[in-house]
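Take a look at the structures below.
Here come two complexes built around chain A, the first alongside chain B, the second alongside chain C.
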Partner chain A sequence: MSDPEKKTLDLRRREMPKQPPEVRRYNFNEVALGYSAESAVEEAKRCIQCKKPLCIPNCPVEINIPAFIKSIAERDFIGAVRILKDKNCLPAVCGRVCPQEEQCEKTCVFHKKGGQIAIGRLERFLADWEAQQRELEMPEILPSSGRKVAIVGGGPAGLTVAGDLIKLGHKVTVFEALHRMGGVLIYGIPEFRLPKVIVTREVEYLRKLGVELVTDFVVGKTRSIDSILEEFDAVFVGSGAGLPWFMEIPGENLNGVYSANEYLTRLNLMKGFLFPKYHTPVKSHRRVAVVGGGNVAMDCARSALRLGAESRIIYRRSREELPARLEEVENAEEEGVIFDFLTLPLRYIGDENGWVKAIECQKMELGEPDASGRRKPIPIEGSEVIYPLDAVVCAIGNSPNPLIGATTPGLKIGKKGNIEADEKTGATSREKVWAGGDVVTGAATVILAMGAGRFAARSIHEYLSSL
Partner chain B sequence: MNLNSVSQILDFAIEKEEEAAQFYRDLAAKMGQQHVGEVFESFAREELEHKAKLIAVRQGNMTLIDSQRITDLKIGDHLVEIVLSPDLEYKQALIVAMKAEKAAFQLYQGLASSTDDANLKGILLTLAKEEARHKLRFEIEYEENFLREN
Partner chain C sequence: MFRVIASKMIVPNMHLLTLAAPAVAREAKPGQFVILRAEEEGERVPLSLSDWDAQSGTITVVFMSIGSTTGRLALLAPGASIPTVVGPLGNATEIENYGTVVCVCGCYGIGSIFPIALALKRKGNRIITIMEARSSYLFYWEERLEAISDKIIHITRDGTKGHRGHVGRLPEILRGLEEPVDRIIANGCTFLMKRTSDETRPLGIKTMVSLNPIMIDGTGMCGVCRVTVGSVTRFACVHGPDFDAHQVDWEELLQRRKTYMPEEVVPLRTSRCEERHFRSQEGKS
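On to the complex of A and B.
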């Protein structure tokens, strides 16, 4: 462990500038503005370079965090970028959306005192610095192996596999159902949290490395996995968890009741917020309720606000249990999103034209602790309330789309529609087929999808090398 | 339906468990997605376990314990009836089960309130509680898998 005695401890996390809430709630520009080089160096200097760093084992891709921080402190930004990119091919994305507070920063020795190093902000600073300074450094690419790999889905899992395998000399083709690569990073997470130029830049980088990117190609419809395997030596399935869940309560078929997927896709992918420049407007609503409490719910509620609506989150549990990143909850609160905790939607009420006009909810209380010590919410009889509104966005979760399972005989599918794959290798029940990311775990995180992609790439490479 | 003795009630309950198992087996056979079929198969096996337990009670090898109050999370109460089609998902399978257990609970509750015989009332209420426990088991599975709101 470190010897904190030697240095005076600096527990002041350097703040990262943000757009003020009263300004940002009216625009879709990025909320956080990033560190300046000076702030980054100051923040990096706070790190005491523990001999046995606890941050590294809590990073799903095991970035050598103290090493890149040390390079920043020494103003060797190029060196720092290399260390970072050795383990993480999408640092500009992860620096913005990774739940660092639950991972690397949580085990920082300063965490207990509230002064954990702002690892995510430093990661983001480096990635942005690199993008501004110069052409991205091109890695070495091994001579062609003559082997071909097909990747289903252009999200973080698929793109990671593509990046790793192309460098090892294999020919890689990514088949993406939508008209743009990037998965949730493009169609889900809004511009104000993750500017799309960042994702596009990463995708272009892969194209430059030689990855073939095919869009508007639905595997399972346009072509089956079996048919693809006649031409390719291996397939990686990273098709995500894009099938939205609904509450299964009365009124869900009314107009104005959206899934989070549809709502965000209209905004992000179809650029609904840039109407009339783009032709797929989202209807402008006056009062929007978002059901759920995760990052997806926060993104929907904050988007609704930016489109001019009064926006409320309806969540069955209390604030402490919100699964969203704390930073995003605080951002939403500052911007004026209304939170109704311990509230359960019972039904949606429609008008005579079939449009939703209200939601009936019931208040909940926490019951006795169960065997695991958790207290489950229980409805309070007679506590029903009705909120008038003109749109509801259901953001309670997603599972994988059944298409690939249904069209790939012998591919083992789990209860929740997820592809079953080995945790360490991504190998599935089908020979020559690997899988990883949300399609295996159900909705999770970008970094876990990337980590799964990395493991699978390693295993695919071993297989291809054995042929 | 003659429910004038404890053993008649147990016979009735055993038959109900068998019917429930058959209901799930039939559904399992109709499912388009194999993994959902397996979910219904597993529900059918659970019903057969309940049946075996009741048979053991009838044979005097086991007693039904009227344990503490069973929590009612009421998760299924406001959900729509699921239309039984071949393209059901796991989530909907759980809703079908929650609603079926609730109906069974209400059946025994109703029967209990229609008798004045304390002995019979006791066994019917215990059976109702068993069903409430089964419902809670499905509610917990539903809540843990589908109500993370994430």
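On to the complex of A and C.
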């Protein structure tokens, strides 16, 4: 390449085609369609290959971003894939659901002027390109160490540890409570944002590498961590934050009031949108309200829309404070989700048969910033409103499931029910037990869970090598 | 995959299924349940453990064929396999030496109460078993329960065996016993458990029931199994399934169990042949 500093900056981010809103709101197919090879190469050519790239440190798994982009620009897609996979074992997933605008793309030198390089889209392009090739490249696997590692939970954290340790020659077994691997990627994030074939593909890749995948196995019930440690040299706990919160307001147990987990699990894991071919029923509702403002709430609201309902988000702060990714908020708006900001549910009102028929809310206004730095919503007296509806999805958050803590003596549990683990190594208060991902941090992101998995894998490997 | 070892209709519409599930069999305790799926596209349904053998690695469930999943489970032949058997889930029933325990059971509860009664017997309790059914030909496992019960009492709707009527006759049956009752345990359909609860509340006898709300994961993840007990919301799969009957909000449980009533009939009406047609059209997904 010529001296990058001399190039004039091309600020035009290449657009990625999407299904038009009026079409996609009626189907569960993926919304974004991905770059063509041409667009990818054009986009890659915009990167000026910074000598001190600011994008890299803001990627939790420190992908060598300029290097893989350079390979794309040179049409060396295989080379680019290798660079990517060196640091990220789930690029097709991260390219789709990583909050890039908050991470790698935010610190790209272009960001200030607008038109930051579409790193996520390029990542996704590469992963999809690789999947279309007939032969997947298999990484080198070190000779067997004779050591055995058990992993609890088949979400992104657990799968990352599995991928890293199998390559280092250890024997790896993943125990998953549900009947499919993938964690939230399978049961939570909907098909239209992350097609399940992609997750299945990544899981199959691990199987090919020799990872033993055991589904239908609840650690703490089917077998305790202590019993597992009699057979394995180390355990990694990546059991996520799967315990749903409710608002604890009147009427919450009426029929038609769901947790986001239930609503999404019925649709995604159980494929309820294909009922009756798949046997798990999903109700068809006319008016659905989703309480919350994060990615989970957006996913529920957009799913409800696709099932034919009028769908609204009820959020107690304003649009600026929405914790969801901006892209997903915009997608939801385009599709026709109604947003009621500064609105707090007070109670659910039922009909004579125990079905929810309305929600009573109070309007709020923003006051002084609170501990989180966001302006605190304050109720406005006498502003109560009642919306008629026939279903409510509560998407206000999750915390770690207490099962592992309750069945593992000596494992230190924090105030919020999270397992306490060292940030750099994932080591817990118990010897031979590591932990990472949402079970340690509380509900966070895919890439942070993977990052935690990577650190833990390194620490577990050091430990196993010292035996 | 989990292999079917034995499958049998034991009385009309009531089926017994023995499966190879060594990991579950090793850990199972009385009062726990499993979740299973009959096939890849299938629903996850909870069934109580009625028996198990850690040595041979098998578990046994007893179920009534009522809907699409139990209907499919009923058709399984030995040698067939099902994709999911996960457990043992829920907490074990509390087993102490209470003195005299009355075990009230009906429907699938006759099977699921057996391991509980057995454990209570071994703990030194006197066991009085009260079995309820529509008619005498619907009783099963009588010899098993007789072998561990100090006394066995039958109630049938049609009066073909024991007392005539239903579990509403409980108070007079209890009055007729020559000894005070220290605890009552009821297993079976929601009606039986609720009615038992209604009848024993005025008598002030501690009564435990094994609740059966709708479930999906069985690990505390989805919250569909929530029940109100003593005015707090509990997840039956992780906080239960056993609860103090007199604290349970029965109306809410009955209403929540009806959520999918209209939908559940769809697969029953859809013949397998239509379904296959559907599948070939949907080749892509």
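By definition in this document, the second predicted complex is superposed on the first by the 455 of 467 C-alpha atoms of A that agree within 3 Å, B and C clash if a C-alpha of one lies under 4 Å from a C-alpha of the other, contacts with A are read in each partner's own complex, and residues count from 1 in each chain.
In the analysis below, contacts are C-beta pairs under 8 Å (C-beta built on N, C-alpha and C of every residue); 3 or more make two chains touch, one makes a residue touch a chain.
What you see is a predicted model, and the numbers here were worked out from it, not measured in a lab.
Superposition note: with chain A as the common reference, chain B and chain C can be accommodated side by side.
In the superposition on chain A, A:261 contacts chain C only, with no contact to chain B.
In the superposed model, A:277 makes contact with chain C only, not with chain B.
Of the two partner chains, chain C is the only one that A:223 touches; chain B does not reach it. In the superposed pair of complexes, A:154 makes contact with neither chain B nor chain C. For the overlaid pair of complexes, the smallest distance between C-alpha atoms of chain B and those of chain C rounds to 5 Å. Shared contact residues of chain A with chain B and chain C: 248, 252, 402.
Residues of chain A that touch chain B in their complex: 245, 247-250, 252, 291-297, 315-317, 323, 344, 346-347, 362, 367-368, 370, 376-379, 395-397, 399, 402, 405-406, 413-417, 443. Only residues 177-179, 187, 215-218, 221-223, 242-244, 246, 248, 252-253, 255-256, 258-259, 261-262, 265-266, 270-271, 274-283, 353-354, 401-403 of chain A touch chain C when the two sit together in their complex. The residues of chain C lying in touch with chain A in their complex are 23-24, 26-27, 37, 41-44, 68-69, 83-89, 216-224, 226-228, 233, 238, 251-252, 255-256, 258-260, 263-264, 266-267, 270, 275, 278-279, 282, 285.
Contact residues on chain B toward chain A in their complex (touch as defined above): 32-35, 38-39, 71-74, 77-80, 82, 89-92, 95, 140, 143, 145-150.
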